[in-house]
Amino acid sequence: MEQRLIANKKELTLKGFFLQWEWLLVLLLIGVFVMNSNLSEYFLDSANLRDATMGFLDKAFIVLPMVFIILLGDIDISVASIVALSSVIMADLYNHGVPMELAVIICLAVGTICGWVNGLLIVKYKELSAVIVTLATMIIYRGIAYILLEDQASGKFPSWFKFLGWGYVGGIPFILIAFVFFAVVFWILLHKTTFGRMVYAMGNNATAARFSGIQVDKIKIIVFTLAGLMSAITALFLTSRMGSTRPNIAMGYELEVIAMVVLGGVSTAGGKGRMIGAILAVFLIGFLRYGLGLVNVSAQMLLIIMGVLLIVSVAIPQLKQRFAYARRK
Amino acid sequence: MAEAEYVLELRGITKIFPGVKALDDVYFKLKPGEIHALMGENGAGKSTFIKVITGVHAPEEGDMFLNGQKVSFKHPTDAQKAGIAAIYQHVTNYPDLSVTENIFMGHEKIQKGTRRIRWKEMHEEAGRLLKELGAGFSPKTLMGALSVAEQQIVEIAKALSVNAKIIIMDEPTAALTKNESEELYRITERLRDNGASIIFISHRFEDMYRLASKVTVFRDSKYIGTWDVDEISNPDLIVAMVGREISQLFPKTEAKIGEELLRLEGLGKTGYFADVSFSLRRGEILGLTGLVGAGRTEVCETLFGVSKHDKGTIVFKGQELKVKSPKEAMKVGIGYLPEDRQKQGLVLQWGIGRNITLPALKRFSNKGMLNNRKELDLAKQLAEKVGVKAKSVFTLASALSGGNQQKVVFAKLLTGDLDVLILDEPTKGVDVGAKSAIYEMISDLANAGYGIIMVSSEMPEIIGMCDRVAVMREGRITAILDREGLTQEAILAASMDDSAPATDGKKGAGA
Amino acid sequence: MKKFFGIFLTAVMLVAVLSACGGKNDGNSGGQASGSPAAGGDSGAKKKFAIIYKNTGNPYGEKEMEGYKNAIEELGYEAILKAPDQPTAEAQITMIDELISQKVNALAIVGNDPDALQPALEKAMNAGIKVLSLDSAVNAESRMLHINQADPERIGRTLVQGIVEMIGGSGEIAILSATSQATNQNLWIDWMKKELEDPKYADVKLVKVAYGDDLRDKSVSETEALLKSYPNLKGIISPTTVGVAAAGKVLTDKGLTGKVQLTGLGLPSEMAEYIQSGVCQWMYLWNPLDVGYLSGYAADALVNGTITGAVGDKFTAGKLGEKEIIADGDGTQVMLGDPFKFDASNIAEWKDVY
Amino acid sequence: MKQAATNSAALQGAGHDKSGSLSANIAKFRELGLLLFIVILSVGVQLRNPSFLTWENISDIATNTAILSILAVGMMLVIITRGIDLSIGATLALSGMVSALTVSQYPDLHPLLAVGVGVGVGLVCGVVIGFLVSWINILPIIATLGMMNVFRGLTFETSGGKWVSAHQMPESFKAIATGSVFGINNLILIAIAIYIVAYYFVSHTRTGRRVYAIGSNPESAEISGIRTGRILWLVYSIMGGLSGLAGVLWVSKFASAQGDTASGYELSVIAACVLGGVSIAGGVGKLSGVILGAVLLGILNNALPMINVSPFWQNFIQGSIILIAVLVNALVKRGIDRNNLMRRKI
């Protein structure tokens, strides 16, 4: 067999570079800004924009690990309940005299454990889909929160805790800084490490990944555990913003998070999509909501808009395939 | 309609899948009431050919005539209506539904007015068909609970139930023992006598000699020729199928056999295989053959830590080996080239570079951080070593031909430092050119001191490549044959014979 | 090329969606707020008064917002009405942020949680916005003034007196409340319990407080459970609009009219049916229109400084006349007046109002 | 409703798995287990509260379970095809609201027409989802998630924030849910009727069986020439239609239509199916099981308040029961497979 040389440099075509979902999101983001600044004179105001991020970034922390989960072709609908449970436990402990610092650590621990349990159940019972497992744990985790806090709303945290959700560092909201930090960490984890590579492999072809010596179960558990941890982090910021917590906080967050990830171009079939897309989607949806809020669009109209946006954003890649296929025929 | 000379005729059929030409200008003629063998090695394009006939795939070029009329099937139902039925190689059934439903799926018996399913009739009809085929199970059994052979029979019953004029059987004997095959021959002949024309696909000569009056050969998705069975000699047929003389195809060089690497002692796994024992030494190529479903793949997967055995021991380099995952297996030095490279071997949506480096991420990452430069260099160097034909390491694996895909999977094995290579059907669905390249590679690896287990159903390559051959049947080793005096007959006898396993020193107890 | 086509398609469709929303919310904001807030320049001059209700699609809330809007428009200012789709504090916090950005002059809120809104509302007050709560209060630190639809004590005591009168002075009674966290309901229930401590209710026994979560199905099965578990139950108090209507429905379907008495706080429109049929002889509610209306004038008074929210301040609330601010725990409040009693005699004229 | 359950179970037995096949037996055994659990639960509750097993209470449970069980039929079909539908709560609300508004406008409208309106609206919703899933092949969970928001929003829009309440509805309309034929409440009768039709559909019509075929093995469904797309579309339309019906019944039962009607109800319906042994992996699911699952949930909702379980425990208990049920399912399935292997003589 004659030796043939194989190039190992990627030939970059400009078109290839710009024809990416992410660029579309950037365009849309710009579109949102233009639209909003036309709709309301309050939109293009550095202070407002800055504070707006505080309003929608709390749930964004869950988006980061959810990217991994959906890349694996799974889904986790229990995250919102994990937020509630870890937040409630933290508040409850604090009000029973546990120092806040410790309570915070325990909050993180609780979230992590919840996520780990999800992961464990999912790999131990492969015949159950992640949807069903997390559906059950979703009800259970929130159930525990109710048992703990019953009808109380628990709060009155020390003043420094308020800083998480409301504080600024050099005029920049702390929550924004925190999000940027985590976003970078998760971006590196997904795109620059062996771990991220393995996740992609599993998402595309779990069997092949296994035969290539990847410990698929271990990775899956880690990913779901990460989701738990980040939910706990969301719990911290959300609780701090609310100044008090109760068992029914963060209702419906799981759906918003999934919507953001999908809009970010992460394929629900697994294996396709990038971190940057999801991050863009967070800001896209966030600023869209904020802008529409500024002109007092009714809540139900917002619901409809978000629903349509989600459908359209998943429909498009599918339609593209259909057209491409039709062409080949 | 028998006035037409051919019930079925295909002219110049070409079918292209993204990246591959699955059928390249092939011809086929089927006379009424004949059994026509269609032969060729795995990947010669036989299965695609059937799917074209049954309307699953629409060909890019070529015409199809039914009783002289030109037809083109838009949809499988069209083919069914035209009286064409196929018994696919990978049994396609509904495990959660009853046998009756599997038989009648797509053409249920329904009441005229109410459109109600007539269960009673269907069950009776199904029962009758099964009895004819000499099956012992009730038509109300769930399909999932049947054995491969039993499911095979249900598939045939399905074909009977539509009293098809043309019946296509795709490798029906691949998983059957001698008696079962005999049974099948009987059934097939009766079908013919009832006026059906049968396309019988196989790469087993005795099937052809036993049944067919004509034989057509495909190779590398091309049409090679059609002959009367009694016209063509065995060697000629092999040349037709394989493309060249066995001797020049298999560059088997005598490697020096070294110390023992691997020894299985009474290995068993409930429901899959029992008391499997053999040993493997450096530089040796051990063939592992037998019928499909005889448990060969299961044994290999156990060695590779994909699944666990529940009896016996594996001895690797002197001490007992317990691998719980492929990762561990690769760490100790056992590599596996899986049977289905598309499902188990490759990430088709990825470039070949990433595929090659997947098992060896550690080698070019430090503390988990990837080093792309190093990765690409490694990928390039390995891809060239195995002679993959591709533009760059970013070429998508899905865009490669079967042969090149297989080479990529080989390259994956070369990333780790291994001692034992398990190659499961290494040349399945690979064109002749790539085949000889792969054979070359295998014997080089043997010379380089690897111990190689080669699983295959292809008699020629087993005979051509192996130092010793272990034959399995129904989960047991029935014979271990040495290179000298290695003949198809001997292997087939050991793999198909229904008499008590010809145990080579081992007891046939347990499980 | 294909790909380009795909992307192009994508862009077109998504932009279409966005512009669609753009279009929608123009039209929509017209309906939501009087005067288009999008109409830049002059809207800075016009004072803006915002109100946030618990959640959208609740007629009681619509009425309260309507009352507020009426007041503000009487005063010739612009009113902004907001309500999240779910009754959660998170959603209200976001809306408060949006209103702060819009530099509204005053913000009236019906809290979904007494404490959770504190940081947000404090931020609003620091931004110079006058903050008051109405109907269900937020805690004293996070408001300047609370508009109380009726004295919780009066509500609690009146309801107990009512049911006791209906059941003829003795027997088992139960309470069907809203969610277990509802601030108002819990407060009223406490007062009911206090009233029941009075010796003259010696043979009236409160057997259970059930929670219907303001969900129809749950309220119904909770009521049924009450009837099963306490066969000789004589009366039910349900201080929540959904609960009392659900209870009325159950009693009607089971033909327990007259056997088990029902009273509570309900919407006339919802309850008309059962009051006319006698299932519920009478029930109470204040006029949400007035609650909103009063809040509107209070907000205005806060903005133009006639009041600071301190005890003793007085202001005139349009057609409602002069109101005085009184203490309420560690905060201050304005009392609308006593709850209004609806019975067979007057329900007909109210059932179409709200 | 109970008897509907049992006899449809019997009939189904006649339908296909009356064989000696082991898995079939275990599947039956599985439902018996569920039944047993229900009995034990009932007895336990009965001991705590004697008024539980009264005829009146049983009929209450049945009435309250009727709507759930109607929805569960549709959801079973959806899940059998390896899908899921999160939008039914919203669909229910929308169609309920529309029909309520209609009757409040035209009080002398015949109740059947009102039902027709509701079903119609639901059907449209279902068709839309079916289109998204079968033609644009969007993952069901995502498609229904998005449409859930849309339908819910539309409900608020159509109602303009108002509720439609008892006095705006004509007696005839309220009678749909409250009326009864020889002592059996209409809801129960409707549910039974639906189950009989559904039973006929899944086990005696071609299309019905093909729903199973698709779920059991989509690839070979294609090869044997089943038009997968159409059947998927049909299934989601049925789901929508049933949600529409449920919407009307709901509104008529509670004599009130709100914007937030039945939000989150989809979870209970899915739970009922999962409890009833419908496999998310597709292809498996029996009406007898589903109805038992619905009844079990109905009993829980009714019993927990009656035995004074703190309302705060109810979430946890229901969640745990669902989890346990699915785990048991999984383990039983493994048991079957292991047995099948054992039977292979080697």
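Each chain gets a letter, A, B, C and D, in the order it is written, and its residues are counted from 1.
In the analysis below, a contact is a pair of C-beta atoms (placed from the backbone, for glycine too) under 8 Å apart; a residue touches a chain by one contact, two chains touch by 3 or more.
Only a predicted model underlies this, so the values are computations on that prediction, with no experimental measurement involved.
Visitor: Walk from chain B over to chain C along touching chains and report the minimum step count.
Guide: The least step count works out to 2.
Visitor: Hey, which chain ends up farthest from chain D, C-alpha centres compared?
Guide: B
Visitor: So which one's got more C-beta contacts, A-D or C-D?
Guide: Top pair by contacting C-beta pairs is A-D.
Visitor: Counting in whole Å, what is the centre-to-centre distance of chain A and chain C, each centre being its mean C-alpha position?
Guide: 34
Visitor: Taking each chain's centre as its mean C-alpha position, how far apart are chain C and chain D in Å?
Guide: Taking the average C-alpha coordinate of chain C and of chain D, the gap between them is 34 Å.
Visitor: List the centre-to-centre spacing of chain A and chain B in whole Å, with centres computed as mean CA coordinates.
Guide: Chain centroid spacing, chain A to chain B, equals 44 Å.
Visitor: Going by the touch rule set out above, which residues of chain D reach two or more other chains?
Guide: Only 152-153, 155-156, 259, 312 qualify.
Visitor: Two or more other chains in contact with one residue: find those residues in chain B.
Guide: Within chain B, no residue touches at least two other chains.
Visitor: Tell me, which residues of chain C touch at least two other chains?
Guide: In chain C, residues 55-57, 85, 180 touch at least two other chains, as defined above.
Visitor: Touching pairs of chains, all of them, please.
Guide: A-B, A-C, A-D, B-D, C-D
Visitor: List the residues on chain D that touch chain A in their complex, please.
Guide: These residues of chain D touch chain A: 84, 132, 136-139, 141-143, 145-150, 152-157, 259, 267, 270-271, 274, 279-281, 310, 312-320, 322-323, 326-327, 330, 333-334.
Visitor: Spell out the part of chain A that touches chain D in their complex, as residue ranges.
Guide: Interface residues on the chain A side: 75, 125, 127-129, 131-133, 135-140, 142-144, 146-147, 150-151, 247, 255, 258-259, 262, 268-269, 298-304, 306-308, 310-311, 314-315, 318-319, 322.
Visitor: For a test of understanding, state which residues of chain C touch chain A in their complex under the given definition.
Guide: Against chain A, the touching part of chain C is residues 2-7, 9-11, 13-15, 17-22, 24-26, 28-29, 31-33, 37-38, 40, 55-57, 80-86, 88-91, 93-95, 97-98, 100-103, 113-120, 123, 179-181, 186.
Visitor: Give every residue of chain B touching chain A within the complex, in rising order.
Guide: Touching chain A: residues 18, 304, 306, 325-327, 329-330, 336, 338, 343-350, 353-354, 358-359, 361-362, 365, 368-370, 376-377, 379-380, 383-384, 387-394, 412, 437, 440 of chain B.
Visitor: Using the touch rule from the top, collect the residues of chain A that touch chain B in their complex.
Guide: Residue list for chain A touching chain B: 1-11, 192-195, 197-198, 201, 204-205, 207-215, 271-272, 328.
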